[in-house]
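Structure first, commentary second.
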Amino acid sequence: MTLQLVLVVAAALFCVGLYGALSQQVIVMVMMGLELMLNGVILAVGAFWWFLAPNPDGLLLLLVVIAAMTVEMAMGFAIATLLHRSKETDMTDMATELSG
Amino acid sequence: MTGEGMNQAWVLLAPVLLGAIALAGAALNGALAARAEGRPALSGSARPMLEVVRLMRQRRRVTVAADRLLWRIGGMALLVIALLKTAVIPFGPWILADIPVGLVWFNAMDVMVWAAIWLMGWGANSAHALAGGYRFLAQAASYELPLMFALVTPAVAAQSLRVSEIVDAQQSLWFVVWMPVAFLVFCASVLAFSAWGPFATAASGDIAGGILTEVSGVDRLLILAGRYALLATGAAFAVALFLGGGAGPLLPEWFWTLVKTLAVLAVFIVVSRRFSGVRPDRLAEVAWVIGLPIMLLQTLVVSIIVAVRG
Amino acid sequence: MLSIIIFSALAIVAVVSGIAVFRVDSMARATYALAVSFVAVGVMLLMFDLDYIGVITILMMVMEMAIMAIYMIMFMGMNPALMPMSMVHNNRWSAILATGTFLLLAGGAVLVPWPARSGSVGTEDLTMALGEALMGSKMLVMLTVSPILFATIVAALVLANPRGRYDRWGDNLQRATPDDPQQGGLGK
Amino acid sequence: MSGAAPEFFQLGVAALWLLVGLPAGLGIALCLAGRRATRLAVPVSIATAAVTVVVAVVVATLRPAVEVPFLAGAPFGLAVDGLSALIVPTVAVVTLLVLIFAAAEGTESPARFHGLMLIFAAAVAVTATATTLPTLLFSWEIMGAMSYALIGFHWRDDIRVSGGLTAFITTRMGDLGLYLAAGAAVAGGAGLELANLAAAPSPWRDVIAAGILLAAFGKAAQLPFSFWLSRAMEGPSPVSALLHSAAMVAMGGYLLLRLEPLLEVTPWAAITVAWVGALTALLLGAVAVAQRDLKQLLAASTAAQLGFVVLAAGVGSVSGGTAHLIAHALTKALLFLAAGAWLTALGTKQLSELRGAARRWPLVGVTFAAGALSLAGIAPLSLWATKDEVLAGALETSPALYVVGLAAAALSAAYAGKALFILWGKSSTEAVGPYDTEQPGTRHIGLWARIPLVLLAVGAVFAGVLALPPVGDWLRSVLGAEADPRPGVAELVGSAALALLVLGLVAKTRGRSSSWAANWLYLGHATRIVVVDPVLLLSEKLARFDDNVLDSLATKTAPSGMRVLSEKLASFDDSSLDAAVNKTAKGGMRAASLVTRADAAGPDAAVEATASAARRLGVLARRPQTGQVHHYYAQVTVILAIAIVLLLVLALVVR
């Protein structure tokens, strides 16, 4: 088990998540893609911690990533709920308020 | 702690013991149920064994378009979770895996129950079962936070997440004495994550058995056994966290653990029969508006005591 | 050697279930495939001696996915066990971008000359050390992060809540008990 | 700090914590309890305020100092020194009296009101005793927030809430200065102790001073920021009495007094402070004279009187400034409470409608008169002496400042007199005035509402001793400002005479004009006394000089010389100038047409090209803004990838 191996796995997870976030139409599925990306990030940070600098400070970053993930989920669900309530849709394609 | 040899024997012994305790719980419940119906208690206590035999022989029924994979996973999960929980529970001097974060492990496992029960509800492709699954998730969202703080409180007092160290920290004074609220909340949560007693709305009769509606045969056996096993592990963990583990006079530690576990289990079964069901939608507000603050206060009090004592 | 085998197995589980999230037809399966992926990563973290973080990852993510499944079904409102779903857009470009990113990242991971490990895993309790870092030297970080996270949660609640207090308690907040479609246990 | 025995020091520390903690804790509790504490609110709040008064006196005697860790390198420090030993009891007493008055008047949701007031009192106590900038900032912010909450207390009225918002935002603008000062103090290495700010190295010290000035001017409603005080009058009268006269606004002046050493080593800041103070006193005095609304008049007068305090800080007269601050706090709280009592009883605060109100409630009228006369600077009353002490400092610095200050004092006599005479004047008709124009009045002023007025009136009458020899010397020794300039007898008598004179003038003009147009005329009178009459006198003198000397000179030399000169000029005009003008005009036309052609070909075309290019770019820039989340994700991915590749290439090149 080497750092390179773990990082490649992490990159794979990240990119599968990226594919999902880019390709899915349903907002909850997009969120799942984002979660998968963060999953890769968690793995990568854990690997960096273990192989490069195993001291408690590094763990903090992991903790923050996990906390950010859960909050991201809360925000995502809130927006999804709002979108569903106002537009009766769960598709990101229908939400074009940001269109320039 | 004793040697490695003993630990290896314990690997084999632990599941058997878990099964035995769960069966004892089931027998007691059967006896109480029989007495309530005016039949002799003894016939009731034999009922679980007969039920096991019956379900083993019963053919599995499968609903149309059921998601069998998830359904089976959900059905098996309860028992597996109970076994995984057993891994971190010290039984007298023996413990399967005394990991440094045993307490968090226990917590992670009881979160697995969320998934397990919802999958049971979903997999059956039946409205009643799905409603049961949803009921359990609603209930879980209510009990989980108070439960987490109830778990944290003994850890704060023992200044460790390792279960054996929490047990050791109570040699002079059991934690139940100075954290009664945490103990009660934990006990209620054990009933809740076992979907038992007043918290059994996920499988209650008003939705035709909820998650149990469509399961039959071995699947049903696994789920029923899993619930008793969860109840048993919950009781054992309550003993380890709050009731001093194996602490007791004269007799060996394992004996005291067994006695206390059985006693707690008996109390769970007897007392919870006396309550009517708690609606999950009502529970949420009670748990968050009363349970959580009171639990936080308990944790605060314990933290202050620990900080003052140094 | 054993660790490499275990790790590889976990890695395969993690990535395959990750791919399964976007390949399976059932929403429940997609969600729980993601949960499996997370559990695999959590176990990998346990292999790095990250006991607490690993278990916490498992705990949080299983819980999160249990909730996620509800939302999936709530919003998509059908049983995809009965009908296959394909709700994608921009599929080809997404795949190209993801592959490109993977090549870039993996190339970087393999080619960058990573420094040697500095410092060593102490024998002390890592969870305790993490707690002390949280409440000590890294207090400022947490002080900064936590209000932001908290504010985000509050914002999420505000966005998602369809009924404000005037809807519940009346225009002059005059009702003794709120007018809720579903009464809570305390009537608050 | 104090040489007291340890047990006394311990007692002092406990008292100091109590001073801050008790009102803060109970205030928060009351606010949280909300409607459930309606019955409890008044007793709790008045008991707390009373205890606070006792504790404040204890603290002022024992002079404790405490410090607990707060931020890295900046502890949460509280200490009582000479200055705060004077201010803290004053504020505590005023708070108690105002709360008694408020309780007597009654208010909706008393728990919230008294809770906010108590929190505010705690914040003031922290402000007055703070020893470090973070501590000060902490309480400063709380004061601002409480001020907002209290001005907008009747939150169902939009105008009150927006008044609170105006006050909050304006003072917030100033507050930024405090952050600036804190940043500069850290950057300059002076540390965050208030006492060390003066020791900061030069460029940073100037930044600190600028920041402090901004903050103090904002809070004290000095000139660029004065208007917020007017909007703040939307709040309930007790709030005006406490926050916008005695406590919060005063804290702006207090901050400058406290940091006077910093001003001393930063000459430009001292001069700025002195002039801003003096000009505020003058101009807001004029504004006060023009007001038709009693509370607005008092508000403008508050800003003007604080101008004197600020002036004192600028000229280094700490003792004068402090005495003036205290005397003004008592006086103005009294006036605001009296105005509030009438507002409640008669439902109006318009001066025209309040005519004769003092006769209806003579006790309130007499106390108001005491306050107004003190404000006017009538001889034995408080503000007379304190103001002169400030002016003595100003005279030492610059005569011009003194003159401006004296003019401002005359104006204060004018507006105080105006309010006084109207309120005590006989209604022109015997019929009851058009009351209840702003809110329904109760026609009743309770006993408990009168008691604070009487007590405050006693203070307003006698606080002047703080500036006069026996007590004044003690005050100076407490403040360590023995060397501050003292007013001479001539100045004291002169200012008293001036005040009397102005008061007399006001009385006379009022007698002549009963209609409200006269008030604007009366502003003209004030202007005439100060400006017009001297100018007329001067111009008369100049005219006589002109008649006698210049005119005769002119009549003798003008006729013959002028005729010759004009003929010469006429012929020159025809021959050269006219022709030149014609030619220039023709040349101009030609040049203009040339330029037009060049413009169309050159700059105009360039502008058109630029514009269309910008439009094209704009269209291009809009294209990625699809509003589709996945497009954004894709863009981010590509951009991040490019950035990473660039970084890698860069790293390789550098290697």
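When the chains are written out, they are named A, B, C and D in that same order, and each has its own residue count from 1.
Here, contacts are C-beta pairs under 8 Å (C-beta built on N, C-alpha and C of every residue); 3 or more make two chains touch, one makes a residue touch a chain.
Since the model is a prediction, treat every value here as computed from it, not as a measurement.
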Point to revise | Most contacted chain pair (by C-beta pair count) | key: A-C
Point to revise | Separation of chain C from chain D, taking each centre as the mean of its C-alpha atoms, in whole Å | key: 53
Review point. Distance-wise, how many Å sit between the C-alpha centres of chain A and chain C, to the nearest whole number?
Key: 7
Exercise for review: Express in whole angstrom the distance between the two chain centres, defined as the mean CA positions of chain A and chain B.
Suggested key: 33
Study note, to complete from the structure: Expected list for chain A, residues touching two or more other chains, is 18, 22-24, 93
Practice item. At least two other chains touched by the same residue of chain C: list those residues. Key: 52, 56, 67, 89-90, 93-94, 97, 101, 126
Study note, to complete from the structure: Touching at least 2 other chains, the residues of chain B are none
Check your understanding: Using the touch rule from the top of the page, what pairs of chains touch, sorted by label?
Key -> A-C, A-D, B-C, C-D
Review point. Considering the complex alone, what residue numbers of chain C touch chain A?
Key: 3-4, 7, 11, 14-15, 18-19, 21-22, 30-31, 34, 37-38, 41, 44-45, 47-50, 52-53, 56-57, 60-61, 64, 67-68, 71-72, 75-76, 87-91, 93-95, 97-99, 101-102, 105-106, 109-110, 114-115, 117-122, 126, 129-130, 132-134, 137-138, 141-142, 145, 149, 152-153, 155-157, 159-160, 162
Review point. Okay, in this complex, where on chain D does chain C touch?
Key: 630-631, 634, 637-638, 641, 644-645, 648
Review point. What does chain C use to touch chain D in their complex?
Key: 89-90, 93-94, 97, 100-101, 104, 108
**Study point:** chain C-facing residues of chain A, complex
**Key:** 1, 3-20, 22-29, 31-33, 35-36, 39, 42-43, 46-47, 49-57, 59-60, 62-64, 66-71, 73-75, 77-82, 84-85, 90-91, 93
Point to revise | chain A contact footprint on chain D (complex, rising order) | key: 621-622, 624-630, 632-634, 637
